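I have a structure I would like to understand better, so I am pasting it below and will then ask my questions one at a time.
Chain nomenclature is as follows: A, B, C and D, assigned in order of appearance, with residue numbering initiated at 1 for each chain independently.
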Amino acid sequence: MSDLRTMTYAEAVREAMATAMTNDDRVFLMGEDVGVYGGAFGVTNDLYERFGTDRVRDTTISELGIVGMGVGAALTGMRPIVEIQFSDFLCQAMDQVVNQAAKLHFMVGGQADVPLVIRTPGGSGTGAAAQHSQSLEAWFAHIPGLKVVMPSNATDAGSLLLAALEDPNPVLVLEHKLLYKQSFEVPAEFPRAHLGEGRIEREGTDLTIVATSIEVQRSVQAAEQLAQSGISAEVIDPRTIKPLDLPLILDSVSRTGRVLLVQESAKFGGFMAEVSASIAESPAFGDLQAPIKRLCGLDTPIPYSPKLERASVPQVEDIVAAASALVGEW
Amino acid sequence: MAAEQLDEIDAYRTMWRIRLFEEAVEDLYGRGMMHGTMHLSIGQEAVPTGACAALKEGDQITSTHRGHGHCIAKGADLGRSMAELLARDNGYCRGRGGSMHIADVATGNLGANGIVAGGPPIAAGAALSNQLRGTDQVCLCFHGDGAVGEGAWHEALTLASMWQLPVVFICENNKYGMSMSSEKAFKVEHLSEKAAAYGIPGLTVDGNDVEAVFESVNTAVERARAGGGPTFIEALTYRWRGHSKSDKNLYRTREEIAQWRAHDPIAAYAAVLLERDTATQEELNAVADEVRTEIRDAVRFGTQGDEPTVEAMLAGVYAPSPVDARELGARA
Amino acid sequence: MSDLRTMTYAEAVREAMATAMTNDDRVFLMGEDVGVYGGAFGVTNDLYERFGTDRVRDTTISELGIVGMGVGAALTGMRPIVEIQFSDFLCQAMDQVVNQAAKLHFMVGGQADVPLVIRTPGGSGTGAAAQHSQSLEAWFAHIPGLKVVMPSNATDAGSLLLAALEDPNPVLVLEHKLLYKQSFEVPAEFPRAHLGEGRIEREGTDLTIVATSIEVQRSVQAAEQLAQSGISAEVIDPRTIKPLDLPLILDSVSRTGRVLLVQESAKFGGFMAEVSASIAESPAFGDLQAPIKRLCGLDTPIPYSPKLERASVPQVEDIVAAASALVGEW
Amino acid sequence: MAAEQLDEIDAYRTMWRIRLFEEAVEDLYGRGMMHGTMHLSIGQEAVPTGACAALKEGDQITSTHRGHGHCIAKGADLGRSMAELLARDNGYCRGRGGSMHIADVATGNLGANGIVAGGPPIAAGAALSNQLRGTDQVCLCFHGDGAVGEGAWHEALTLASMWQLPVVFICENNKYGMSMSSEKAFKVEHLSEKAAAYGIPGLTVDGNDVEAVFESVNTAVERARAGGGPTFIEALTYRWRGHSKSDKNLYRTREEIAQWRAHDPIAAYAAVLLERDTATQEELNAVADEVRTEIRDAVRFGTQGDEPTVEAMLAGVYAPSPVDARELGARA
């Protein structure tokens, strides 16, 4: 574990898939342009050469169909990974994700499992505009029967994907397209992760920042700047938003007395509303020294213009400002 | 390999099982002992019976909202089926699924589906799994004529044909998708013409002739098993009852219903068996009587089942993960 | 307005559609079995006889297609109403609802409007099980560009539908299948309603109950029982959940100091999380005398068994119990 | 009514506009002056040009992610188009949409679409609107070969054919849907065979022959206008560039690209016009030169546009409601 290596988030996802395919015959991958093209974001790259076109399958542009095929394959002994090219296209596949995959184990009284992993990138920042930049995690977190993972770095991208592949339930892995090309220090082997286990990304005492996906690193950067103004921010990455590691969050909030919830997605009805409501209902509520505060994307579709796009989602400086204001509230 | 023979008496019995099971369901529902909604396939029994008879052990099916027949023809236990419809803990789905979600995964019934065309992609996926695992299993996908209007159906056929998967799509064309007539909806003479758009064989058969259904499905299943890819079969049939209990039957005529009732698949097959001297009238009567007893037992099994509990339900939302939940919870 | 008449919720929806079709040539209706069948819940009934099959159009079973056609018709001068037979089938149509209808006005820089109304029943209670009983309002409330209406009685069903038809934006009207057959007293004409305007359904001083759809009447019934134990509950029906009449809620919470949020949908990530978070962020937070509390559906797909189904969503007695407990917290 | 004539020089000019517009876009992108992604239709210019030439004022189109050509051929202003791609407030979408969402509703371009097969249902809906409003407008729906795999496409064709709507589906078959070859994906020789599944006419034309495209679309549009319902046209063409900037071109050969480049639709049409004596080489050169100036002006118009503001963006999420928002807000 002491040997660190540098790898991108996309490479970590790829390595985890390769490991899983090597260790488990049941694992295979399908999606649009995951074969020779190497994936729209280059994530699959040469996997089709290494594992063949039977196990790395290029599909037609039929998101509902391929998720449904994943469900059917998962029901019958396989461990499919379905890649949806942009998470926005989950809209096409909602029936199979929500009405089928999520509910089947329940509806059939436990006779069958659906160990299906759906990987897909969300998020803005590439100028791809409103139909290619959404962060839709809140939808899926709301659906009983699904698990939802949001890796914020390369190690988690690998570890959580492997954990997802070991889970007998449908797991949605929401990657982030801006992270794909980023390099991270990664241990020689992906440490074993458990779905439902969050992590304190940075310790602190004055306020708790809970953030997901790309907002985790923005929050850590913000925390470093805050430290220079004498504010000590703890940053928590839930890693899995469903199931949610609420104890980890509550414990931190109780210690710091202040909490800032940061998400990229549009504010209204977003995932951090759930975190806020859960804190408000918990014993930690009594420890709050300031109101729970959210910092979220604007309630707008993601715009094309780079200037507008940047303004639409929380940036480091926004987090710094919001955290400072919160600590200012006694 | 030549097509296997249909076991005639078995087929006759299966049709009666479906018919009497559904009559019992209708009765229970009418007496307020069953809740929810109900989609009966009375009049359509020859399709699931003939089709499932062409399957081997290990073959799979996906089913629909009108799925009692598929379930029974694939070999489900009548008692556990009835118990499910009665919302009991000894039902197939422990009372969680009901009629629209009955499954019997052990016999290869991957489940009814409340979603029109929910099944075809799943069936294609099971077939892909069969292909990848290198088994000779085939998946048979039941769907209605109305399902043909769904994008999901199109995507399933597109993918299944691209990969030459071992799946057979069997369309129970009972002339209506609820109230929309398939003749109005689809601008082809036979729905089976749509198969050409996917480069796969398509054919239309008399869905009230259990042997015709058997033959066509058998051929298709053998083709699929041999690596020849999917087939699309349209079986023409008719549901005697309304779509569900909300149906006032305004979209079809009494005459049409009467005409199709005159083509009762069970009575027709009885006539064939008598003419062929396969069985005597007494023997045929005995089959129906035996089934009547089975159904009575099934209802008794169901009504004697326990009510399901909320605790078990909540524990049943997720399949248990390999990681011990307490290990994580311990920190809380 | 003094003349009250008795009519069911379904009749109110039908009358509003008839009024709109009579007054505005641009209004037409399409959906599965809305013609001669009269609609799966009998809502459209004889409309096709009164307005003809051009304006009351039976479609194939193609939810994505028909919502998309609604978008195209709305873009080109019509005012379509699309009926989706069960709100669960919105899963099939998400792309056209979310990626197209909601975003088009924005994406084209205001060149075009999408005055599309989608009507669909949600909710449990009919034994239709997991794929026909969901309450998915949280998804749509989260999407910038959509408006979301949840009428809890016949008058609102009529008034809000008429308001939706006057709005130049896509509006999702989430009806409730258990309400359809209920009778209500309704004024001679549907009073003019505004999307975004909530209502105090019952006044009270000890706590505020915010509820949606069928939970509004359950909350009012609960309030009546609570009154007998000397607890005075105010019940608020937001009517439109997007845009949300937050001022109305906050004002009430500030007055009562306690708030119970009631929804039928699964708790985790549900709409009331947003209401909770918004209260927590508001000045009303300082007026709270007890933690914000939610009472929601269980985090499970809706089961078939009537016993389990009933246990899965808040009933009157659950509201009474939760409200009593909340008032007990000083 | 006889088919209208194609204005040859106009068509030639339109193809050059598309070509040079996209070359300019490519250049701006390469120089980091344009952001986002980019789907160029260089090599495919004859399809939108021929197709839109068959439309009358008032007719509509729906477009795709590869939509610059559709937009220009339907008559969009080059400056406002370029400004949009440069994310300026004077662009068609005020910088909110970019390349994948360009629309010019005034000329009947209902919009590009970032979603594959997002357009077909919308086109069918516009056609329904035309039918209901009793106009003689026709909607032309551009889509790619890849879009044929989507359920949305199937549902649009199903509904359009059921109601005999005035819509023409034109499939730009450039052999690939990103990297998936349409030959592998769809088990028919010509995609146009799929039309039969919807009971509508289907035909395949040379998509690099602007006149062939015009003729076929013209016939289909006239049929639609006369109440004859939809047509499905497959236009065979090729994109010279990669799918988008992420494309390493691994799924096709250099030879294939070279071969298609040799079938340049613009050069081919120039040869036709010269041979026909419709124009001299000098006249043709002049056309290209004029267009070059137009494009330069367009780039200037775009680069001089203001940056959009966050305030205007936020005000642009919803169309203003008839009810005064302040009236409601007043209570707050």
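The criterion applied here is as follows: contacts are C-beta pairs under 8 Å (C-beta built on N, C-alpha and C of every residue); 3 or more make two chains touch, one makes a residue touch a chain.
Just so we're clear, the structure is a prediction, and the values are computed from it rather than from any experiment.
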| item | value |
| --- | --- |
| More contacts between chains, A-D or C-D | C-D |
| Chain of greatest Cα-centre distance to subunit A | B |
| Distance from the mean Cα position of subunit B to that of subunit A, given in whole angstrom | 39 |
| Distance between chain centroids, defined by C-alpha means - subunit A, subunit C (Å) | 30 |
| Where subunit A and subunit D are represented by their mean Cα positions, the distance between them in whole Å | 35 |
| Subunit B residues counted as touching two or more neighbouring chains | 93, 95-97, 101, 113-115, 118, 149-152, 155, 158, 162, 185-186, 317 |
| Subunit A: positions in contact with at least two other chains | 59-60, 62, 64-65, 88-89, 92, 95, 99, 106-107, 129-131, 144-145, 299-301, 303 |
| Sites on subunit A touched by subunit D in the complex | 32-33, 35-38, 40-42, 58-65, 88-89, 92, 126-132, 298-301, 303-308, 311-312 |
| Residues of subunit B that touch subunit D when the two form their complex | 149-155, 158, 161-162, 184-188, 193-194, 196-200 |
| Residues of subunit C that touch subunit A when the two form their complex | 88-92, 94-95, 97-99, 102-103, 106-107, 129-131, 138-139, 141-145, 242, 244, 265-266, 268-274, 276-278, 280-282, 285, 291-294, 299-301, 303 |
| Touching residues on subunit B, where the partner in the complex is subunit C | 35-37, 84, 87, 93, 95-98, 100-101, 113-118, 146-147, 149-152, 177-180, 185-186, 246-248, 250-251, 307-308, 310, 313-314, 317 |
| Contact footprint of subunit B on subunit A as seen in their complex | 28, 54-55, 57, 59-60, 62, 64-78, 80, 95-96, 99-100, 104-113, 115, 144-145, 147, 166-169, 194-197, 245-248 |
